[in-house]
Amino acid sequence: MTAPLPPGIQLEKADDRIMTLNVGPQHPGSGHMRLIIKVDGDYIVSCDPDPGYVHRGEEKMAEYRNYIQNIPHLERPVIHDSCNILYPYCLAVEDLLGIEVPERAKYIRVIASELNRCVYTLYWLAIYGIFLGHSTMFMWPAGDREFCIDLLEAMSGARVTHSYFVPGGVRNDVPANFEERCLRQIDYFEKRLKQYEDIFYQNPVLKQRTEGTGVLSRMDAIRLGTTGSVLRSAGVDFDIRKKEPYDVYDNLDFQTQVLKEGDSYARSRVPYLDMLESCRIIKDALRKMPKSGSVRTKLKPNPKGGNEEAYRRVESGRGSLGMYVVSDGKPEPYRVKISVGSFRNLICMPYLLKGEKLGNMPAVYWSLNYWPVEADR
Amino acid sequence: MSSIAPEFRLSRFVASLTDIIFWVVVIFTLIGLPIVLILLFYIQLPVINDKLLTPYLALTWLADPSRTLPIVKSLIHTDFFRITTFPGFGFAALLAAGTIFIERKLLAKMQLRVGPLYCGKIEGILQLMGDGLKLISKEIIIPAKADKPIFWAAPLLFVGTAAAFISLIPVAPGWVVADVDVGLLAVFAVIGFFPIITLLSSWSANSKFPFIGGIRALHQMVSFEIPLILSLLGIVILAGTLNLTEIVESQQHYWWIIFMPIGAIVFFTTILAELERIPFDLPEAESEIVAGWLTEFSGMMYGLVQLGSYLKLYAFAALFTVLFLGGWNGPMVWPPFPQEIITEGIKMGPITLHVPGLPLLDQEMLNGTLWFTIKTVGVILVILIPRGVFPRIRIDLLLHTGWYKLIGLSFVNIFIALTLVYAGVLGPGGLIQ
Amino acid sequence: MHRFLYSPTGFLATLVGEVAGSFSPVLLMFGFAIVATAPALILSRMIAPRRRSNPVKFLPMECGQVPSGEGRTHFMMQYYAYVLMFVVFDVMSIFLYAWGSTLLNLPKSATLPIIAFLGIMFASFAFSLYQSGRRNIW
Amino acid sequence: MSNELIEFVLVSVALLAIGIYGLAVKRNAIRMLFAIEMIVNAANLNVVAFSRFIPNSQGQTLALFSIAIAAAEVAVGLALIIVAYRMYKNIDIADFRSLKG
Amino acid sequence: MSSEKTTDEKSIETVGTKPEVAKKEIIPVIEPKFEKSLAEKVVSKFGTIVTIGFIKPNRIRINTKKENILDVATFIRDELNFDHAESVTGVDYPKSKEIEVVYHLGSYTEPQLAKQVLTLATRIPREDIPNPGKDSTRMPSLRDVFYSVEFHERECFEMLGVYFEGHPDNRRLLLPEDWADIPPFRKDFNIKGR
Amino acid sequence: MSSAWGIIRALNSGVKHLAVKRFTLRYPEEKLKFVGDGFQFDPQTGVGIAGLKGRHILFHDKCTGCQLCAIACEGIAEAIAMVKVNETWKHNKKTIMPQIDYGKCVFCGLCVDACPFYALYMTNDYELSSFSKEALIYTPSQLAVNPKVNQDVEIKIDERGATHG
Amino acid sequence: MADAVFLAISVLTIGSAIASLEVRSMIYGSISLMVTLAGVAGFFLLLDAPFVAMFQISVYVGSIAVLILFTVMLVRRELLFHKIEDPRRRYAGIGLMIVIMLGIGTIIIGSGIKSMEVDAPSVDFKEIGKDFLTYYSPALVVMGLILASAVIGALTLARREDVTNEQRTD
């Protein structure tokens, strides 16, 4: 499995032409990670990702805390997508503890997780904009993100780290006039999203720059085990919300966004289309949500899981996010494994960057929808 | 903690300031004054009202306010004034500073934010001054293995070259620092220095990212210099001269942009590339190569490079105005100086004050400056807007644009000019004249 | 043409000749800009703190890692051909100025040699663009 | 014009002599290129100086041709040096002796 | 919806998965048909080499020995069309001196299998004083079968000290270069203050 | 040609936004309005009441010193410590009450969930910055003070764009 | 005064010409060469040939110096400071230089051009364009051919098709 190099570009050899560049960790073009890049002139000969700068051992920490106390710190890897990273944990723990979730809570969960997907994707898009030198595309999503953050804050009481989902439902009910406010803001937000087309997605400079770069073919996407927008931009129709619907996703009306090209442009466009789809889901969920009812199943203090294991996955902003929880009958989980999309997409990086031009490095790197903190856990 | 960042002490700061002032005074009195006195013997002194303006006479006249104006007028018409203040460095630096403020505010508006706000009470108008103070008080760090002479000289040379470029721009009739017969060629010669300075500074830092940035800058500037040169050939053909003042004077009735929009577009694109502005800011692409050739510059060195690049921005915008938008040409909107003040003096009730030396500046010049400034600021605005609209381009696409599209378009422009000449539309004996 | 009322460079022009005199303000402006901005550097050097406690501070930028290898290496981009081309076509384009500035005074027959010149240059331009466009050989 | 022709000619002679010295002594290919440039410039200076003192334009024309050809020569020369450097990893003229064939 | 099913249908078989913990009460379950057919395919091919851990809706667990894991994985990839690994997990069982390595396999190509996650688990010996890469805690790498496990196995190696034989790139991934302690995800590595 | 059209569209879009209202909130002068008075919890239904998770407020007349909040916090941030108070309450035999270190608190609100006596709520006050670490530790008497907040800016959406205030 | 300017430029030119050959660092040598060429341009200005002077600056300083600098940076660093010179050869070279200077200098000073001094107005640069396209038009075409062959030759030489199986010998 090696990516082809353009003809005439040398592989590593005893030659002066090869220059080693450390991209990161203190680099405006990398997150909290390092890419060791070898360039021959303008072409990247090899790329070796070196993550781990923000590794904090969440999985180990989870073994020392009970099922409820795990909630605030398990969302730390992706504080911009904190609802979605708690979602599989809650589902898995509900499996282990045998709890049923009230119907209204399911809808609230869906709304919160879709809003959070927008929050994450806009943050990601903002950084994608500034990576490509488009400062307006940095400011607009960062500003429009506030719509979703305000809604989430009205729901959960916190702007970023919500700690909103718990096994058995959600922490609190939505406020009184939430639905009309949500509808109004989401309508405007959708309008704003459509304005990104002109200045960013249909911008010929951007298209020239990203189309045809870092192409991941369908077969490679499957073999490399990619997920999320990387997979769907390569033409594989796989969305866990459709394929393995959790909570109430099977009742809702939405489509999976799939593009065929597999290049940086398609990879950057799929999350954007997903955001538009999220708006649809939120509106639909608001319509179908039961108007009243309980939102949380009461748990015993220190609930104990059975002697079994559960693996549940959801579709987060970066793709499939799985939680593998092993219980041994104690209040604390025996082992928690977080299988994150970022880490699964990391494997593409050396493959895609090999043979690319140095100028494409940020475009390809960030289009992989990679969140360093999440990948390190 | 104190070894890393000792607290700011006002007393120490004041002491250092007084130290500096003391040494400046000492050095000036010991070295500067003798030089000034010696120079006074050799400088040809102006003649005002049939009297040679000796320093003594100047001092006596300064005491009499009605006589200061001739001195000021004579000073205004010296080359020293031209170089330092009006068409030269001061004017350009003022416009450059304005450009920085306008850029930040305009970009902020386009991005739905506020921009500088607090510094200077009114919409952050003193932000630039604050930034300058900050840069001056920052430590200058030079990498260990850097080539120190080149590294120190590069920012200064950059500013100097930009200033030399400015000296060639005519602002108003007769108001140009250097009125050169082959002005346009001189412009090309001056532009040719920028890639060298960039390359040398990037080389001298002994760091990888500046080196890559410098090489990119070299490729970019070099590739866009040919379309830049070729796109102006049409104007030279039609105007029949290389002197920038004469080119402006040839546009009294119509601007060259009317006949050569293609040339204007090509020239504008090359301006963006030569200035390293988005979408062509590859040498400073921060997500790929940290800050390109500016990576190792810190403190005031960075400030000087920024000053140089904004001076360069002004110079290119002014060149665009001069070549395509008719320079200072425009309807006379400046009110004429009231004639009776010159002949009869200013009447203030019973007293009539006779002021010799009025008008200080003639109406043509003020009107020309007004038009020139308006047009230049307009061009600067147009140069600033792409920064909010376009992402950065890639280097191979950039070179492709430069070598394939822009050179082709500039040849199209040349052929348009030739057609206009040979079809008898323009030129000697043409239809429009 | 407006003459200067009083100008040291006008005085220079009588000494070094009209042409060199008209160019001298360019040099003077160059010098003045350096003289006017150098105090900023000197002042900064005097005011700003200078601490040499940590030698790591003076390492070249390498994204937080200890620099590996030389900063000035044998580094060649795949676009070296464009620099070579620039040298030749820069000459060509300035040659065209000698023609363009006098075009209005030239006889019509003078177009022929310039067409021949341009034709040759176009041919070589096309060839060199083809060559430099082949990235794999650079 | 207050300078005399002889002064310019003497400067050009000095440049020529330095160029010849460089060609004779230096073995570094790039330095030899520098020396060649100096000789060419000495010739240009001479030509332009004479054309100024016999007032006609042909000397300047010749100088323009000469500069253009020098540019072409430098392009080819540097390309040659790069090829030689690639083959021998050196730019010392003495090492290029095996360049035949 | 999902919690409903899992509470009702729990597996009877927990063969060899958790030896040190007592079994809970047995709930009668209806095994899902499709999942069962998949599991039966594996069992019919390999017989006693493999054991079925459990069969739940959308989840199958297959336990095997480390000597046979390459064959089983190849069979699962070729015959059952599971084409990628979602994660590689190591679970440390210090009481039985074993480390369980769990592969979660999924499929993108087969629409039927989209919701299935096949859990392939194996147990390898564990040493009290670990010496990652040089002791008996090793197993064959599945990188040639599922390319996507490359980074996951690297992580598993550094976090649990499981050496994967045949992996081309057994280097550090997440931990700092100067990490000299025991692999941190083992149970005998304790967080400070806990 | 299409690329030229795209460039014009992008420029047009950029220039049009010069007329769109700014979204920025000028923070110290304007403060965003929140829903409700803060996050509260109803132990009987086991469900919280929506609100901002800001600084806590402790009702001394309800706190029994049961330490449940401290136990809940133990695995999360270890921000809550039980300290002696000089007050005497009938229901608080041990005369201990929570003291919260906001240098550690993550504002998850699980302590509020843990309190079965309606004694600990969260308020809309989020401006807690101080110059020293010690000032971030809020004693029970400091926690009892009801914060004064004037937050009155809301998102307004109209034809010329959305804006804060 | 004019002599002072002339003297300054000639000292600058000749001094930097010597420096460009003798400075250890090749980068500084290139910069000195740039100064030499700019000094020659200054002479052209003194000779009332602004077109040639500007051509000199924009071609020599603007492009040739850039190319030289760039090529110098491509060559490995230790080679740039590496200087093997035969001292005897060096003295012979200096001797040759002095002989040429003195010999040609005496010849020139002895010849009649010392008396040549002219007050005629300088030639307008537009004459050059006319020359190019009328009398020297065949030369212009040949010039084009030379430039074309130069760019083709340089591009053909500098590419590196055959370099893949090259190994470093030292």
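Worth a mention:
We call the chains A, B, C, D, E, F and G, going by the order they appear; numbering starts again at 1 in every chain.
Everything below uses one rule, namely that a contact is a pair of C-beta atoms (placed from the backbone, for glycine too) under 8 Å apart; a residue touches a chain by one contact, two chains touch by 3 or more.
Just so it is clear, the model here is predicted, and its values are computed rather than measured.
Separation of chain B from chain D in touch steps, taking the shortest path, is 2. Taking the definition of touch as given, a chain qualifies here only if it contacts chain C and chain F alike; those chains are A, B. Each chain gets a centre from the mean of its Cα atoms; for chain E and chain G, those two points are 74 Å apart. One finds 5 Å separating the Cα centroids of chain D and chain G. Rounded to a whole number, the gap between the C-alpha centres of chain C and chain D is 21 angstrom. Contact with two or more other chains is made by residues 7, 10, 13-14, 23-24 of chain F. The residues of chain G that reach two or more other chains are 2, 46, 48-51, 55, 58-59, 62-64, 66-67, 70, 73-76, 122, 125, 128, 130, 132, 143, 147, 149-151, 154-155, 158, 160-161, 168, listed in rising order.
None of the residues of chain E touches two or more other chains. Chain contact summary for the complex, chain C toward chain B: residues 1-2, 4-11, 19, 22-34, 36-38, 40-41, 43-51, 53, 55, 57-63, 67, 69-73, 75, 77-79, 82-83, 85-86, 89-90, 93-94, 96-97, 100-105, 108, 125, 129, 132, 135.
The part of chain A that touches chain B in the complex is made up of residues 19, 21, 27-29, 42, 129-140, 143, 199-200, 203, 205-206, 208-209, 357-362.
Chain contact summary for the complex, chain F toward chain B: residues 7, 10-11, 13-15, 17-18, 20-24, 26, 161. Put simply, chain D touches chain G in their complex at residues 1-11, 13-22, 24-28, 30-31, 33-35, 37-38, 41, 44-45, 48-49, 51-58, 60-61, 63-65, 67-76, 78-83, 85-92, 94.
Listed in rising order, the residues of chain B touching chain A in the complex are 107, 110-113, 208-209, 212, 278-279, 281-282, 285-291, 387-397.
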